[in-house]
Each structure stands twice: as C-alpha cells, then as structure tokens.
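What follows is one structure encoded as structure tokens, with my remarks underneath.
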Amino acid sequence: MTALLSLRGVTKRFGGLVAVNRMDFDVTEHQVLGLIGPNGSGKSTTLNLISGAFPVTSGAISLRGQPITHLAAQDIARRGVARTFQLVRLLPSMTVLQNVKAGAVFGHRRHWGHEADAVAEAMLEKVGLAGRGHMMVGQLTYIDTKRVELARVLAGEPGVVLLDEWLAGLNPTELEEGIRLIRGLRDEGRTVILVEHVMDAIRSLCDRCVVMAAGTKIAEGTPAEVLSDAAVIRAYLGDDDDA
Amino acid sequence: MKRRTFTRLAALALAAGVAGTPAIAQEVLKVGAVAPKTGPLAGGAAVSYWPNVKLWISDVNGRGGLKVGGKTYKLEAIEYDDQTNPGETIKAVQRLVDQDKAKIVLPPYSTGLNLAAAPIYARYGLPMITSTATTDKADALSAQFPNVFITLGGAKPVVQGVVDTMVKLRDRGDIGKKLAMVNVADAFGIELMNEAKPAFKKAGFDLVYETSYPLGTQDLSPVMKAAKAAAPDAFIAWSYPPDTFALTEQAIVEDLKVGAFFTAVATAFPAYAGRFRTGVEGVLGIGGVNADGEAFKTYAKRHEEVTGAKPDYWASAMVYSSFQVLEKSIEAVGSFDNAAIIKHIKANSFDTVIGPIKFDQHNNNPSFWTVGQWQGGVFKGVASTGRDGAVDVKKKAAWK
Amino acid sequence: MSALSSRDWGNLSLCAIALAIAACLPWTAGAYGLSIGVTIAMYTALATSWALFSGPTHYISLASAAFFGVGTYVTGIGIQYLPYWTLLPIAGVAGAVMAALVGLATLRLSGVYFVIFTLGLAEFVRQIITWSQNISGTKGIYVLTSIGEMHIYWQLLGLAALVWLLGWLIGRSRLGFALRIIGDDEAVARHSGIDTARAKILLFMVPGAVAAITGAVLAPRYVYIEPSLAFSPMLSFQVVIMALLGGTGRLWGPLVGVIPFTFLWEAISVSFPNQTTLLLGVCFLVIVYLLPKGFVGLIDLANKRMRSAEGYV
Amino acid sequence: MDILITGLLLGGTYALIAMGLNLQYGMARIMNLANGEMLVAGGFVAFWFWTGSQISPLLTVFVVAPVAFLLNWLIYLIFLRPLVKRAKSRGQLEVDSILTTFGLSFVAVGLMLAFFGGDYFSYSYLSEPVHILGDTYGANRVAAFLAAVVICGLLWLWLNRSRAGMTIRAISVAPESARLVGIDVRRTAALAFALGGAVTATGGALISTFLTLDASTGVIFTLKALVIVIMGGVGDVRGTIVAALLLGLLETFVARLVDPGLTLAAAYLLFVVILLFRPQGLFGRPTT
C-alpha cells in the first residue's frame, strides 16, 4: 500500500552538530509507528521536522505523495498533521473547551460557532473530560492537561497524529489510562507516530518501530524484532564489555 | 469611583493654580503666556520669548501698572509650557481664557504654534500680535483670522533684504557674483530657499553651490568642504541655531575666504558672540536692530538687569515691541473691549523699542529689520524694509 | 459570527447611551472642556486601536507617530485638491498599507527589535517627507478650513466608537480567537493551523489606519503642518503609556487609562508649569512600577479577590 | 580621500555616542532611552567647566567619568533593579526598561532645565584647523576621534582581557548560566550599566566641543545610539565600533556625493536593511 507519510534522506544540522542524519522511513495509512531510541538520538527533532517546527537542512518529507518539506508549520497542520508537545502546552487564559476549540477551528477540518463547540464537546467526551469544558486549564491534574492536548489534536480530524512522549511523567494508573486512550485511536484506524520511552506501550500499541541512535536509523521492524536486535540493545544499554 | 476622584483632583489643582496670591490693594490682572520650555524650540524661546514676558510685566508694574479706564492693574503672569506641541498650545490658550480668566493672552512662540492657536484667539476675538511667526500668507491668514497681526514679516522681504545687501557689496567691488547657498530642510529653510534662488538669479548672481541638509545633522563639514570647493565670493545659509553654530565653526576651520558670510537664526543670539568672540566680526545674519539707537540700548540694559541675560539682536526686541503695541492699544482704548483694541491696532502707529510699527491692511507689519551684521561686538541692522538707523555693511575680513 | 446573546444586546445599548452622552459634551462643557474632550477622544481612538494589536500579540509598537504624521500630510496636501470627506478614507488606506508593509518587513523580528524599528520608522518617514518637500519646493502646508473644534470632536468620537465596534467584532470573529491563541502561545497557534504572521499583519493594519485617520482629522486643528510637529515621537510614547495605564486586557481598558492620564497631565501642566516635563517623567515611572497590568489588571485582581473571598469559584 | 577621513571622524563621534548604550543594553539588558540625556549632561558639565574656569574638556572628562559612574550606579539600584527582579522574561524586562527609561529621560530633561535653563549652550574649543593628508579638519573632531579610539580600545581590552570584563561578557551571553558559575549577575549588571553611563557622559563632554546642545536635544542622540547598537550587534563592542564607523562613512559619502538632504534617510535605510537581513546585527549572535 502506498505510504501516507514518507521521509527520504531527511537531515537536520544545528551548526556543526548533525541531529538527524539521512533518515528514511514510511508510515502507511492506519499504522501506529513507534519512533524509539535513547535520549539525544534525534527522535523529537525528527518529529519537529515533520511538523514544521524546525526547517529541514536537506532531504524530503512527503504527505500522500505531496512534498511538505519546506511548508510552514501552519500549512502542515492544515494538511492534517497534528501534534502534541514534549512539555504540555495549553492556552492559560482560556477554558478547557476553548483550548480544544483551537484545534476544531483552525485544524484540518475547520468548524465555527456552535458546530465548533459541538466538535470540542465530543472530543472532550472521547478523552474522558466530558462536561468539564468550563474549567480553567490551571485547575487540571497532569493527566487531564494531557487529555486536553490530545482532544485539541483530535478536534481538527487530522490524518496523522504525532505524540511527542505523550505518556512521559504519568504514574502507573494514569499510564494504563493513557495507553487505553492511544489504543482507542488505533482501533479507530488513525495513523499515529509515537515517540516514547515507555517500552510496554511500544510493545502493545505499535505495528512497526524505527529505532534511532545518534541521529541515524539503526533498526526497523515489529516491536518484537527491534527489541531483540543486538544493535538496539547496545545502543540503549551500552556495550557488553563495560557492563 | 475612579473617574470622579480624578476629576475632583484635577479641579482642586486648577483651583490652587488660579487662586494665586491673595488680592492686594491694587487690582491684579492675569496675563497668560504659553510657549515651549521643553522640546525642539525650547532653546529659541528661552532666549527671545520668556525673558521678554518677564521684562515687559516688570516694566509695566514698575510704571505703577496698566492704566485701563481710570483703574490701574498690577500685572501677574501665568506661564504654561506647551512642550513644542500644538495640541498643548491650543489646550493652554483655552485654559487661560476659560479657567484662568486671563484678560490678556500673549501670542505663542514660532510659526507653527501661533497658527495652531490662531482659531482659538479668533473665537474669543483676542488681539494676537505675533512676533515670532514668519509667513508670506499674511493676507490669507488675516482674511481667515482678522485678529492676527504679523510683525516679523515673511520670507520675501527677508530675502529681498539679503539680496540688496549682496548687490551693494558687489557693486562696491567687495564681492564677485559667485554665490554658495544652503538651507535646513525644514519648512522655514525651504520657504526662504525657494524665494532666494530666483531673486539672486534676477540680481545677476550665479549659484556655484547649492544644497539642503536635514534638521539635526551632526556633521556639516561635508557641506562646508563642498561649498569651499566651489570657491564662492559669498556664502548664505538659511539655517537653524545648531546648524548656524556648526556652519560658522566649519567655516573657521576650513578658513572659508568669502566677502560675505550669512547665517540665519541664532546669528543674533548672544551665545553666538559668546562662542566665536572676535570671529563673529563682519558675519551677516537675519534680523538686526538699530543697535546705536537710544531705545535699544536702554532696553538691552534693562533686559540684562531684570532677566540676567542679554537680549538677542532680532527676535527679542520684536517680541517686546509687540507687547508694547498691545499695552499702548489697551491703555488708549481704556477698556478690555477686544474689538475696539483690534480696530485701534489696525488704525495707529506705535512707538516701540525697534521704532515705529504700523500695520498695513493685511495686518502685516511692512517695516522690520531683515539683515544685521556683527560690527565691533554688536549686531547692527544693515538692511530693513523701512527702518531707520541702518549702518553701512562691511566686507567680511578673514576669520580671526 | 455567533448570535448576539441578551448580555451582548445589553452591552451594546449601554455603549450607545454612553456615546450619546459623550456627544453632547460640546454643549455641556465649555470651550476648555471641549479641548480636553478632543484630546481624550483622540487618545482613546489611538490607544484603543493600539491595544487591539498589542493586547493579544504583546508587541509594543511605537509607530503611532509615523501613521499619525502620514495622516496629517494626507489632509495637508489633499485639502487643496479633494473634498474633505474623501481624505479620511484615503488616510485610512494609506495608514493600513503602510502598516501592512511594516508588518511584512518586521513581524519576524523579536520583541525589542520591533519596538526600535517602529520608533525609527517615524524618523525615517519624516526624513523622506521633508526631503520630498524640499525637492518639490512645497513649503509648510496651510490647512485653512471652516472645521471647528466641535466637528473635530465628533469625528474623533465617531472614530473611537468605530474602533470599539471593530474590536468587539474582531473579538467575536475567527481572527479574534486566533489572536487570543497567539497571545497565549504562538507555537501552539502555528501548530494548530493559524498563519500567525498573516493574522498579525492584518491586525496591525487596524492601528495603522486609525492613527492615520486621527492625523487626518486633526490636521485642520493645527492649521500649519510641519514635519517636526506632525511626527513627534512623544505621541507614540503617550499612546503606549495610556494604553498600559488602562490595561490592554479589555476593550474598554485603554479608555480607563486615557481619561485619568489626560486629567493628570492637565493638573500637572496647570499647577507646575515650569516642572511639567519633570513631573510627567515621574508619572511614567509610577505607572510602570505600580500598575504593570494597568487599571484593568487592578480591577480583575479586585474581582478575583472578591470572588474568591466569597468562595464563589 | 577626505571623504574617508571626514567619515572616520564622524564615525568616532558616533562611537562615543553609542558605546555607552551598548554596555547598558548589551550587557545589563537595560534598553536605556535616557542615554541621550546622560550625554547632554556630560556636555553641560564640560561647558560649565570651560566657560566658568577655562578647564579644558579633555580634563573635565576625568571628573565627569567617575561622577557619571556613581550616578548611573545609583540609577540602576533605585530605578532598574526592581524591574530586573520583577521581570519574568527577558522581553518583559526590555519593554519595562523602555518605558521606565523614557520616564527617566523626562525627569533628566526637567532637572537639566532647572539647573541649566533651556538655552542653547555651545563653546569653541580647539576649533582650529588640523592638516591631515592635505585637507583640513576640526582639531576638536580629531581630538574626539582619538579619545574615541582610546576609550573603545581600553574597553575592548578590558572586556576581553580582565576577569571583571569576562564576567560582564558572561552575563551578556547567558545571565542564567552565569549565575551558576558564581557570578553575582545583579552586581555585574549594575557595574556594566554604570560603566555605560560613564562612557556616554564622557562622550557627551567630548562632542560638546563641536556640537551645539540644549536640554531637549537628548532624543536625537538616543535614536542615533539605538540605531548603531542594533546595527552593530547587541552586546558586542566590536560591532558598535564597526557600525559607528560604517554609519559615519555612509553619511559622509551620501552627503558629499549624493545629496546632503538624504544623509539621515540613508542612515535609517541602512538600519532597516541590516535589521531585516541580519536581525542580530553585524556581529551579534542570533538570538532565538
């Protein structure tokens, strides 16, 4: 099947440092792809390149066959690529409902007025925050702020969802709830790219994984394959001899 | 709650300002004056305007006060700083008339601020004898504002004065016909430059160098070097105070050998002679006075005694004279009936520090000093439109 | 545009009544009161339109003087060739176009560069106008019209009302919602699909046009138009101080800043004519220190404290 | 050829005008709009010493510098430290400092009016011709240029060679991390601000020998200094020197060969162009 999103030779250089080095991988429709690797391997940078947060130094990214390499973040978002942020970023001066409406009004599918309110309410229900639209974001628990961010992402009915360490910082019970929510996305057939450190989330959610170390792809395959791959273990745990 | 306290606060402050000193035996008359104490024009007003307000009031009170219809009034000034902002000038004049109930409101300082305030003076029918506004549109203005009088003339007569002086020097063989002329790129400079170019061409001079420079230029040596390169016989600058000082210094540094060196505003300032001392000898400038006449000498002495500063040799005497015209008209009419006062100003000639002043049908004072020259440490009038006491213009010797 | 709720109708009628009362000022207050009224109306239009842009985007623009000056020159030059009523829209368009150009050029710049750029803009435009004035030989421009203080006051009042209406409409529109998002977090705005640069430029055209129209309206009041008076940087700073004193959080914020500041300015110029500048400087300092969020901030604080005191939340 | 020298001399004047602001804004993060007034104050003192008791401005400078240093230190402590404490972000500090220092400039003008009156003040000092490479220049401008070279040179050496200089450069690059290595950022910022004030006042004293000043002319100098500092790159001494010389040369070039009426317009055009294509200025670091 043709790739929904494909990266070819994508490179990002900050001055001398090469954060991402000629990355190639594809994401097909309805696939949940895990992008994993130790800290500083370039996972988040890759996500930022896809979402247009950082300009690409060289290489090409294409969505449904159309190049989006040099598009501004807002144009990429409007073509249906929505993302969460590593550190949750909500709109402090607004209510929960208005935060979600931001996605509904300006995202891939645009609504306005009552229609936008309805979509936002629906999204709140989906993420388990039904009826709490009037609250200010300042009064939410940590997991609830993550739920609002997810609701905002979904409110624009995106084609691809980018979750940047969305599960990070959750306690065990919240983690179960988080994984359940992402599984909900999977069951709806949404295409998701997951940047995560939580290994059992990767095992239970991802169809395929791409493993990065020092900016390059060192392995690709199903979660089981990559997690037993010698190179991946060495990347994560360091060489056997110094263990 | 907020707005009421503030309005009460403002009213309280206004009352405090107005009450002033308790009424002493002689009735006190409020005289309003608004001009820049800060902002770009503060320098000029500090030399020519404010000292003369103080001097005029102390002179009138010195003579026992203003005699109006059998009663004598002691004058007391209410001064406002309009920060060289026309909006403030308008508000201040309004405040003087409405709130402070000032019977006499002296005209503001400079062309722009006078014209901004003119509609307000007109609405109240107040006589407005401007002394620091130059305009060639006296006729259009007096049609629109019949109470406005222009004493400082316009660009045409000033240019004519300078042209006549240059022609006199050329005919005497002191200078050739090559002329270098520069101007500050501001309304004042542009107006004079546009009058001067055709006038000098008609008088047979050829313009070997001509340019304008923006207000606030820090370094005028390029202009002076280029002027010197054109080897002119005479140098003329339609300049503002900072440029007048800068151009003169550059001329000294470049040792510009010219038979005539003319700079405009501030040439007549005491600070100009204070800075260049003997160097000013023979420098021509805008304005001038009958420096040898008794009237000006006693005025200058009193000016220094009362205000501690010397008057400049152009605007100061003009400002004081315009106050004298107002004073004499009020005393002659014997009341504060402004319409009668204006009619009186139109109809009569007045003897003042700079000599007799008579307004034509466009409320324009046709005779005033146009060109002066530093001779022996005094800035004497050498050309005017109908002023007597002009001294003969001298050739500019080398810079000392 | 979501439908008008009853509360909106209430507010609208309240504003209409307030405007009607304000419009009677020329008869109720004397000529002096009117001249203060003109100053208040002028700064209300300028500060409110300024806060429309700087409120949500937190950009401090010191370009009011540049647009105001262009407006005065549109009337100054236009008055001889065109009927007066055509000059206001022309000034508005000129201001908006200039704002768009400045926006295109500078909105990529971070905070302080934008401030300095707009400060330099007034000087830059002034130099160009004086230079072209010099080349074309046009002298100081006279604006001799029969327009009186009253007419100027009503025009400014109308302009201020227009700005409030526009602000209210924008607030309820998609652009308004986008701007509130940008104000909170520009990265989120971009990633939600908002073209932040376009939104900011569109919005910056509002203060541009309004300041130019204000300049055009006031030109007849000054009678004689000179670059140094039309483009004085002082105007830009006063607009900023009054808007901040009032607070940019609410649409009526700047008005609450303009009125007390104008009376304060009057009180100081009246009672301390020789030290006016000195005391105004002190007022600036007091405002920046004691009222960082302006009166609106104060009122919000009071409401919050009142509400939390009653356990209302 | 003489365009080059005249341009350099003007560049020296501009360096004196802008260097102080670069220290104050670049290092201490205070966008000081009262910079022009401090310059004029320096000029006032030089005028007062010269006309009063014939003390040459070149000597007055040694009185003006320490006094200005102390005065600016106090200004920083009283008026600006509360802002630094209160500012949550760098942007907020800059905006607050713009508004506060604008208020301060008003207070300064008011004070100068009270002490010196509103009159123009100018005096002649060293206004004799000096012949360099066959052309004549004002001795006072040349003296000011040499002083500028000395001051900028000393500053550059001190900033790059001495420990105290390094701490100042550290807080200009990254104030937060400077705190981690034990630098008392607030005291160093006060030092930088005071030093900037001293340099500006000294500059004022020197250029008052050939420029006419009055209480209200500070605004022109502040604008010119802002343009130069931003163009040269904030917080970089070399940047300010190069930008000042560049501006001097450009203005002189335009004045002599194009049209003197366009000098200031050309200066602002250069400012706009640099700001658009290199927002961080010629030597500045790209701020995020």
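Letters A, B, C and D mark the chains in the order given here, with residues in each chain numbered from 1 onward.
The working rule: a residue touches a chain if its C-beta (ideal position, glycine included) is under 8 Å from a C-beta of that chain, and two chains touch if they have at least 3 such contacts.
If you're wondering where the values come from, they're calculated on a predicted model, not measured in any experiment.
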Message: Return the chains shared as contacts by chain C and chain D, ordered by label.
response: B
- line: So the chain most remote from chain B by C-alpha centre is A
- line: Between the Cα centroids of chain B and chain D the separation in whole angstrom comes to 35
Message: Taking the mean of the CA coordinates per chain, how far is chain A from chain B in Å?
response: 75
Task: For chain A and chain C, let me know how many angstrom lie between their CA-based centres, rounded off.
output: 43
Field: Of all residues in chain B, the ones touching two or more other chains
entry: 37-40, 185, 212, 214
- request: Spell out, as numbers or ranges, the residues of chain D touching 2 or more other chains.
  value: 109-110, 113, 259, 261-262, 264-265
- request: Sort out which chains touch which and give me every pair.
  value: A-C, B-C, B-D, C-D
- request: Under the touch definition given earlier, write down the residues of chain D that touch chain C in their complex.
  value: 31, 79, 82-83, 86, 91, 94-96, 98-100, 102-111, 113-114, 219, 223, 226-227, 230, 259, 261-262, 264-265, 268-269, 271-272, 275-276, 279, 287
- prompt: So in the complex, which bits of chain C are touching chain B?
  reply: 30-36, 39, 42, 127, 130-131, 133-134, 137-140, 142, 144, 148-149, 218, 221-224, 226-229, 232, 234, 256, 259-260, 263-264, 266-271, 273-274, 276-277, 295
- request: State the interface residues of chain C toward chain A in the complex, per the touch definition above.
  value: 1-2, 174, 177-178, 180-181, 183-185, 187-196
Field: Residues of chain B defined as touching chain C within the complex
entry: 2-3, 6-7, 9-10, 13-14, 16-17, 37-40, 78-81, 83-88, 90-92, 94-95, 97-99, 111-112, 115-116, 118-120, 123, 137, 140-141, 144, 185-188, 190-191, 194, 212, 214-215
Message: Considering only the defined contacts, which chain A positions touch chain C in the complex?
response: 51-53, 72-75, 77-78, 82-83, 85, 89-94, 98, 101-103, 105-108, 110, 112-114, 152, 156
